[in-house]
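Chains here go by letter, A, B and C, matching the order in which they are written, and residues are numbered from 1 within each.
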Amino acid sequence: MAPPRITTGELAALLGGELVGDPAAVVDRFASSVAEAGPGAIAFINNRKYYKALRQTKATLVLVPRDIDRSSCPKGVSMLVLEDPYLALARGMQMWFRSPRAVTGVSERAFVSPTAKLGKDVNVFPFAFVGDGAELGDRVDVHPFSYVGPLAQVGADTILYAGAVLYAKTRVGARCIVHSGAVLGSDGFGFAPDKKTGEHVKIPQVGIAVIEDDVEVGASTTIDRAAFDETRIGRGTKIDNLVQIGHNARVGRGCFLVAQSGIAGTTRVGDFVTIAAQAGLVGHIQIGNGATIAAQSGVTEDVGPGKQVVGTPAVEGKQGLRYLRVQRHLPELRSTVRRLEKRILELERRLGLANQTSTPGPERDAGE
Amino acid sequence: MAPPRITTGELAALLGGELVGDPAAVVDRFASSVAEAGPGAIAFINNRKYYKALRQTKATLVLVPRDIDRSSCPKGVSMLVLEDPYLALARGMQMWFRSPRAVTGVSERAFVSPTAKLGKDVNVFPFAFVGDGAELGDRVDVHPFSYVGPLAQVGADTILYAGAVLYAKTRVGARCIVHSGAVLGSDGFGFAPDKKTGEHVKIPQVGIAVIEDDVEVGASTTIDRAAFDETRIGRGTKIDNLVQIGHNARVGRGCFLVAQSGIAGTTRVGDFVTIAAQAGLVGHIQIGNGATIAAQSGVTEDVGPGKQVVGTPAVEGKQGLRYLRVQRHLPELRSTVRRLEKRILELERRLGLANQTSTPGPERDAGE
Amino acid sequence: MAPPRITTGELAALLGGELVGDPAAVVDRFASSVAEAGPGAIAFINNRKYYKALRQTKATLVLVPRDIDRSSCPKGVSMLVLEDPYLALARGMQMWFRSPRAVTGVSERAFVSPTAKLGKDVNVFPFAFVGDGAELGDRVDVHPFSYVGPLAQVGADTILYAGAVLYAKTRVGARCIVHSGAVLGSDGFGFAPDKKTGEHVKIPQVGIAVIEDDVEVGASTTIDRAAFDETRIGRGTKIDNLVQIGHNARVGRGCFLVAQSGIAGTTRVGDFVTIAAQAGLVGHIQIGNGATIAAQSGVTEDVGPGKQVVGTPAVEGKQGLRYLRVQRHLPELRSTVRRLEKRILELERRLGLANQTSTPGPERDAGE
């Protein structure tokens, strides 16, 4: 996916930084490493670790932070000095790699219900399904094997990749990206136990799932519909692959849910919360704005705004990291305790107190 | 999904409880909270925490347990007194929200093999696939992008949602619900290592997967076929999203497998077992009837009937919960041990024993 | 799936072992247990535990290791003596159960772009999709609802099961098996935070995902495309169900990734590495050749070649197993420490040192 050619001067105008070097130099690709970049490439430096790599780069243009040592830039290499080069890279790449969207319209090999409502310039690819009463906003892409259930709604400029599934009445906002295999609005896991028979009696899940604008949903992620009212994912939240979100959960705006994490039913997650990979949240708790849940943590109680928690059960960051570190030394700690016990016993003998030590601790009895 | 209107008297006749109030009052919806319910709504109280909320409710009818204080019910509000209001709610909702099933038959845009056998009133939607020799019972629904492989069997009244996959010969019972993206009967993960080359030589997985009656399988859950004989999920078991069940595993009746949990190959799970979210069971173990596996646990050995286990490696509930609680205090425990060591050293000095303390414990050497 | 009938003599010629018994005996099926095998069956013994079961078997042929006691074989039962019976079983089953592949060609109900290039004897089933410029090698099978995106490449003899998804430009090698619901080449989870607004700005994922030859990818497993260059899975690696592999990760040859495990972005995994179920690896680390990651481990730093790690955070095997074992006894350890503290206090009192014990340890203060 080669981006179009552009001059460093044009790029500076787009990204808004201070150009140091030749505004007429032409760049036509991105490099993943400033050290390995060659002529024609744009590289970037975002981390102090790589500041000195600037000295050897062969890139044509390097996006650099303000505190870079400008004298370390080789001759013939231009610098674009920016407050946040990584962010500028993201925005720059978005401009470059935005290919003009082809409007192919509704394929004859797609299924679109006569009662569905389609906006302008919608693409419905072969083998896509748009059910009765469904609504697709302008410029929506529905790729093959994508299922838009009856009465589901999809906002403008949203992309449903191959095999994305929206159950009936699911609502997805504008500018969302729903990756392949994502399932939005399937039944929540709600059953009432019949204590006499042990049977799990299904509670019909008659609520819906609502995904607000600018959300990205990863491949094979599952977001359940609510039992009664709604499961909701806030604007701008990004969700990775294989994430599970239970019925009636509410996730705020700008959250970041990493792969294989899970949120149980009815839990409320605030805005700008990060949930790292493979972490799990029990149901019916509240996570404050800006909180961070470490990878593989098991969160069993409320987490305050801005707090960082880690471990299972999760505890606050500093405390949590300490116990995880000490944990490795548990066997040695136990050996120490046993040695100390012997020394105490010897002391007690010297002082004629030995008989009170005749009961060994239960810990000594425990098999291992 | 509005349920039809019904009178409280008719409802009492259906659910079987004792009606206290006006049998002619009309209800037409469910409320998720007794506090927020309004006129026309049915609410329910299942938990002592909410008993006092009855006093303020504006619901038309509240399903209440037998030990409720009946005098706390506002005037104009009817109560239906039941042994288990939550269970009654489930059963009531099932009646309400059961819309008459439309029989649309086999879409011309579906693929149904001429050798497939279809029962009465089967729906096969556009872009559904039913392979050679497959069998669908009466009133089965096969939604778009659902794949019923060759010789697979589906029992009466079962629903396969969009994109559910049944590999060849997979058997699904009656009244099952298979959600989108669920994959039943894909190859088990069986390989023989070639010690000379390091190659993993595939063991053809020639067994099948069998799902008994009344099972619900969540979105993107995977249940592998057996190597030789069968993987089996017992009657009435409910499986959440993103669950993994390995080849040759046997899960009993009425189990409850929560999201992102996993069962490795050949493990036997008894009846009415609960496996909470993100828990994992190693292969070749047995879990007794009625056992409960806590969330995120890692079960490495057999679990007896009725036992509760927690942690990694999982230990019995009370013991497990205790170590998880103590774990948080590990750093302080270590500090305590270090202080005690100093005090012992001082004691030893006083008694002229100090030289035996010259070797510091290994735990002291370990970096952190 | 009955294999064709074969004589034990023909089988010995195929598998290469030493036949002890009747070369004209006919076998026509495999048995999963030597104890339960009946006449006509091939059984195998791979484990000392089952050596004595040979004495009672009714199988026609048993694959046995070299150190078996040959005199324990019942009359009328033949033995095929092999260096590695399990491996021979795998190879034998591969021969038996290899049914001749039917060439059905490209279904009229499939979608194949006029610009796609197809090798010889390719099968494209109804409702499969092959995009513009995609390439399918000889004898590739593309099952219903499989999506081969634009410019994607699939090597010879590869099978894409129902609902497998290859995003644009994804490359899959020869003799691969991609199970249903697997998603290869979806966008990596890459965003630059805009510190002012909290917005996650998407970094276009313009790299690709490359799967080398002889790889098996389990159901609903997700492998992301790279941000810039490529995510790569090495030759002969086997991946189970519901595994997540992040963008720019590199997995070597012959690895074994078990269900629900995850590898974060840019991590390098060497050759012949085993990652057990539900384990997670953070990004930007290196795992040496032949390393083993235990189930549910959380790996946060590099792992050397051949090392075994366990726990969260993962530590080397022996150390890790020790702390997991001791962990269960934490409550008793704490009780011991408390008792020791009392005994020390008593000793100090006797020696007139009691006043220095007046400050209780912080561990005592901590609630539990």
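The rule is short, and it goes like this: a contact is a pair of C-beta atoms (placed from the backbone, for glycine too) under 8 Å apart; a residue touches a chain by one contact, two chains touch by 3 or more.
Computed from a predicted structure; not experimentally measured.
Colleague: If every chain is a node and each touching pair gets an edge, what shape is that graph: line, ring, star, complete or other?
Modeller: complete
Colleague: As a multiple of 5 degrees, what angle does the CA superposition of subunit B onto its copy subunit C give?
Modeller: Value: 120 degrees, nearest 5.
Colleague: Over half shared or under half: which fits the residue numbers at the contact of copies subunit A and subunit C, same or different?
Modeller: Shared-number fraction below one half, so different.
Colleague: Take the average of all CA coordinates in subunit A, do the same for subunit C, and state the distance between these two points in whole angstrom.
Modeller: Each chain reduced to its C-alpha mean, subunit A and subunit C end up 24 Å apart.
Colleague: Could you pull out the residues of subunit C that touch at least 2 other chains?
Modeller: Expected reply: 127, 145, 163, 181, 220, 242, 260, 278, 327-330, 333, 337, 340, 344, 347, 351.
Colleague: So in the complex, which bits of subunit B are touching subunit C?
Modeller: Touch residues, subunit B against subunit C: 111, 127, 129, 145, 147, 149, 163, 165, 167, 181, 183, 186-187, 189, 191-195, 198-204, 206, 220, 222, 224, 227-229, 242, 244, 246, 260, 262, 264, 278, 280, 282, 296, 298, 311-313, 315, 319-320, 322-323, 325-330, 332-333, 335-337, 339-340, 343-344, 346-347, 350-351.
Colleague: Quick one: which bits of subunit B touch subunit A in the complex? Just the residue numbers, please.
Modeller: Going through subunit B, the ones touching subunit A are 1, 30-32, 84, 86-87, 89-91, 93-94, 96-97, 109, 125-127, 143-145, 161-163, 177, 179-181, 216, 218-220, 236, 238, 240-242, 253-254, 256, 258-260, 271-272, 277-278, 295-296, 324, 327-331, 333-334, 337, 340-341, 344, 347-348, 351, 353, 356-357, 361-364, 366, 368.
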